[in-house]
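Have a look at the structure that comes next, please.
Order of writing sets the chain letters: A, B, C and D. Residues in each chain are counted from 1.
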């Protein structure tokens, strides 16, 4: 293919525009059966916390029309085991890695940044301030411009590496541009969006919410128009700020919508569950879509839908 | 069927729990080919404005995974023609009618309420403060508790009829419970939710947003988990306030989710486009779902998912 | 207005014709009500489908008490699904929908102009017109030969058929409108019926008008409901009172008078349209 | 760990068996890697489907170089779709997935216990065990006769088959566990293999333990990915170190040691689980 698909998120160069979405590819290893993980734009790891975390009770998922709800609740082994077992695998396999971090409070985000800043092999940091699967809604930092910027401020202060800090935003807000502005002001190099929408399915036999966690995060193609809108709005307001776009991307055509709306790269999430080869397939398809339309590089298309 | 499906929204008695959603059945007449409109719970009319309105340029719709985007932009004939041609048809056909109103500003909502208050045959007023298809985002009253309550305040002050005032809410807010609280305080008898989510599809050939209005409202089964969650949250906070639930209802099973989450009745929107007989079919299915589970009335199930 | 019926129909057959597919739906209770220009709305995708909306197709043929037929181009997801199912599959259909072509009350010369699958409704129309004693000329155009439809059938059903292709692979190289003036002249045409892409319809309406002929154009606007309840399918049309309104092509069309559609303003809301935004806010 | 393969498979046949459907997938490159207890994940819905997630089925049979087979209960939308397509339909499958049953290294008496379609993997397992010289008793249970599966096949592949139904329409009236002690006694059973609903597995694990037999239970947790990346399918399992962890049943199962699963705590996160929330915040 003659199209140049390389791209970048601030200082991070990506050889391919498709990454895995946090929480949808664990730490990359299981996907290795379906493709060479080192050829992906990046693996964005499942959000890691300071301590091991068991997550929420099951059932943790419900399929919904063209989407799914999940209430995993950030189950994970904690940062030490992550560095030891997961990051080392990624690094030794030459995988471009964006580490996603999540804290219970502002200080924990800072601690995680401090631990990670000197670890080699980290391409970028995605700061998950938008996970809806936490015990209290009040913990969703990305729903409030002040708490969102506090987290990013703190991470920025600790982060001595040149790898970019991406703030992961929630669509569950009245004005996502305001939130984006606040994290950019606080020092985020770019934004990732969108995280899931808060949703619920009722089990009408048991007459209670289906998920163990009652509410869950809605993802998949169902939410794609919301994600494209968010990317478009934030790119319009901050055209210089790189965006890692995600939300229901299933095909190269979908990915192209995000690029045209202003994303510099995309993450593939829920669709990986149905099609583990999707991150590679979508990159190929995206190349074809660009080629058919006569473009020679992905970069020239970033944000192009704003020009017409 | 032995199940009692009658229900009520405040002072309005409904013989059936399924209504049409505003903007998805015009003023009921076209549906008469597919069923007896008088047997529906209610027809909620397309939001009517003071003056005739041509709406937004086409294309006005894009199909999306398990949903659609629309940017109709409240096209309509204005209140005078509505009363003359539409409401008179509804009234003379004994249709339970909930009139949806929309204003460009607070005063217009008041004027509409004043015009409508003495018109016979109006079962309820749905105050659409949440249409995303308006020129400026600033006009979405339901995104701000203060402007939302201003509208309802004004309508309440004009409204001398005993028919209930339902405030129609937008899901595009950080905290829908706060907005619900503000309109209830301002005198709404109940709430309708949800309106569409703001979304966008990019036409990657033309390299611009697909819809004439650029952004549009996302509806259909894709958004159902968001709607169920909103109903659940608001019912939890205000258990006495009747809710007209909507958002992607396709089957009686879906409708039952809304009832269990706290809705007293449901509106059927987008699904009518694919299945014009849906409002009748869903009422029948809902009856069957209740019967199979051993319930003898719909009323006993309203909000039941909160008890377990 | 004929009542639309919703019904579960068995697909009797699906056959490729050039780049299109000819599909026969069993529709015994519907067929007798079909007039030329009516369309059918077909639900697609089957169990668990993510496609909510129906797909609209001109009715190509209707056999009373039996079936209706359509010609489908496999375009996006929905038509890909529909053209790939096997005969015997049951699908939900609604028909007849829309306002059919307005027919002349006296036997006048008629020219039928169609682009690509726009020829689908023309056989039914030609036969109806000839039954009424009209002389019928047909012009069928397409980008290339494989996208022509109905040449054989219309050769039987009309008095004369002219074919044009953009690339000259069949008939005259050129556009349908290149052939229209001659066709009108040959039969002293008073009415022109057209179905095809918007730019073609616009050109046909203009040429017809210039030659003093009345035109009826079947438009193809994106439709969410097809039954008049959603307001997605509008275009600016001038009414008898001279006022432009954004009218629904699914119920007030798809067949419109060519001289009443504001072709240049399609996809806009003209400033002089009824209810258009006024300067300084609404 | 065997590598899972993703492949477009043609459905060779679909046949009803009692209340279930027996489906044969052409899977020449996959079949040879299948071990008893492996599962296959099948994409459902076809073009434009609103169903994103695969459906998991125990592999019932595998013919090297040729095909794999499953037994499907039409339950919700996805299985309704899958059991209604016609032979010849192509579907995307991923297999083999999961950890298979752990097999005894010496020829010991084994009892295979299955509920309903839980019998699907038992033929493959019985043949494998008998190849290893084990004596095999089978107990098949169901709510009612039409939900029994595999009686004939297992009568051939095992040394003895006992049938139980809740309503007594076939075999003994009662539960599979009612028949388990006798079966264990008959062959001096050392290992029990079970597949079926959770309450059955719990009961089988308990009875086995009480009789000093080792048990392997194939669990059925709701799965989004089936390949270990999403963490939806977890249940509390005690590790070799005595610590309870929320482990993924798709990659660390579905076959678990019955004495290691904390059956009473399924659908909860036990307070003593690794990483469980601690009082007063995390």
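Here is the rule we use: contacts are C-beta pairs under 8 Å (C-beta built on N, C-alpha and C of every residue); 3 or more make two chains touch, one makes a residue touch a chain.
What you are looking at is a predicted structure, and each value in this text was computed from that prediction instead of being measured.
S.K.: Among the chains, which has its CA centre at the largest distance from chain B's?
M.R.: So the chain farthest away from chain B turns out to be D.
S.K.: At what distance in angstrom does the C-alpha mean of chain D lie from that of chain C?
M.R.: 55
S.K.: Return the distance between the CA-based centres of chain A and chain C, expressed in whole Å.
M.R.: Once rounded, the distance between the two centres reads 46 Å.
S.K.: How many angstrom lie between the centres of chain A and chain B, each centre taken as the mean Cα position?
M.R.: Distance between chain centres, rounded to whole Å: 34 Å.
S.K.: Where does chain D touch two or more other chains at once, residue-wise?
M.R.: Each of 50-51 in chain D touches at least two other chains.
S.K.: Which residues does chain B have that touch at least 2 chains other than itself?
M.R.: If we look for residues of chain B contacting two or more partner chains, we find 65-67, 220-221.
S.K.: How would one label the connectivity among the chains shown: line, ring, star, complete, or other?
M.R.: Graph shape, chains as nodes and touching pairs as edges: complete.
S.K.: Residue numbers of chain B touching chain D in their complex, please.
M.R.: Those residues of chain B that touch chain D are 65-66, 221.
S.K.: Which part of chain A faces chain B closely enough to touch in the complex?
M.R.: Spelled out, the residues of chain A in touch with chain B are 62, 64-67, 69, 143-144, 172-175, 197-202, 204-209, 215-216, 218, 220-226, 228-229, 232, 248, 250, 253, 256-257, 260-261, 289, 293, 301, 304-305, 307-308.
S.K.: Per the contact definition, I'd like the list of chain C residues that touch chain D in the complex.
M.R.: 44-51, 77-78, 80-81, 84, 86
S.K.: Could you pull out which chain D residues touch chain B in their complex?
M.R.: Chain D reaches chain B through residues 50.
S.K.: Name, in rising order, each residue of chain D that touches chain A in their complex.
M.R.: Residues in contact with chain A: 3-4, 6, 43, 50-54, 92, 94, 221-222, 224-235, 245-246, 251, 266-269, 273-277, 281-282.
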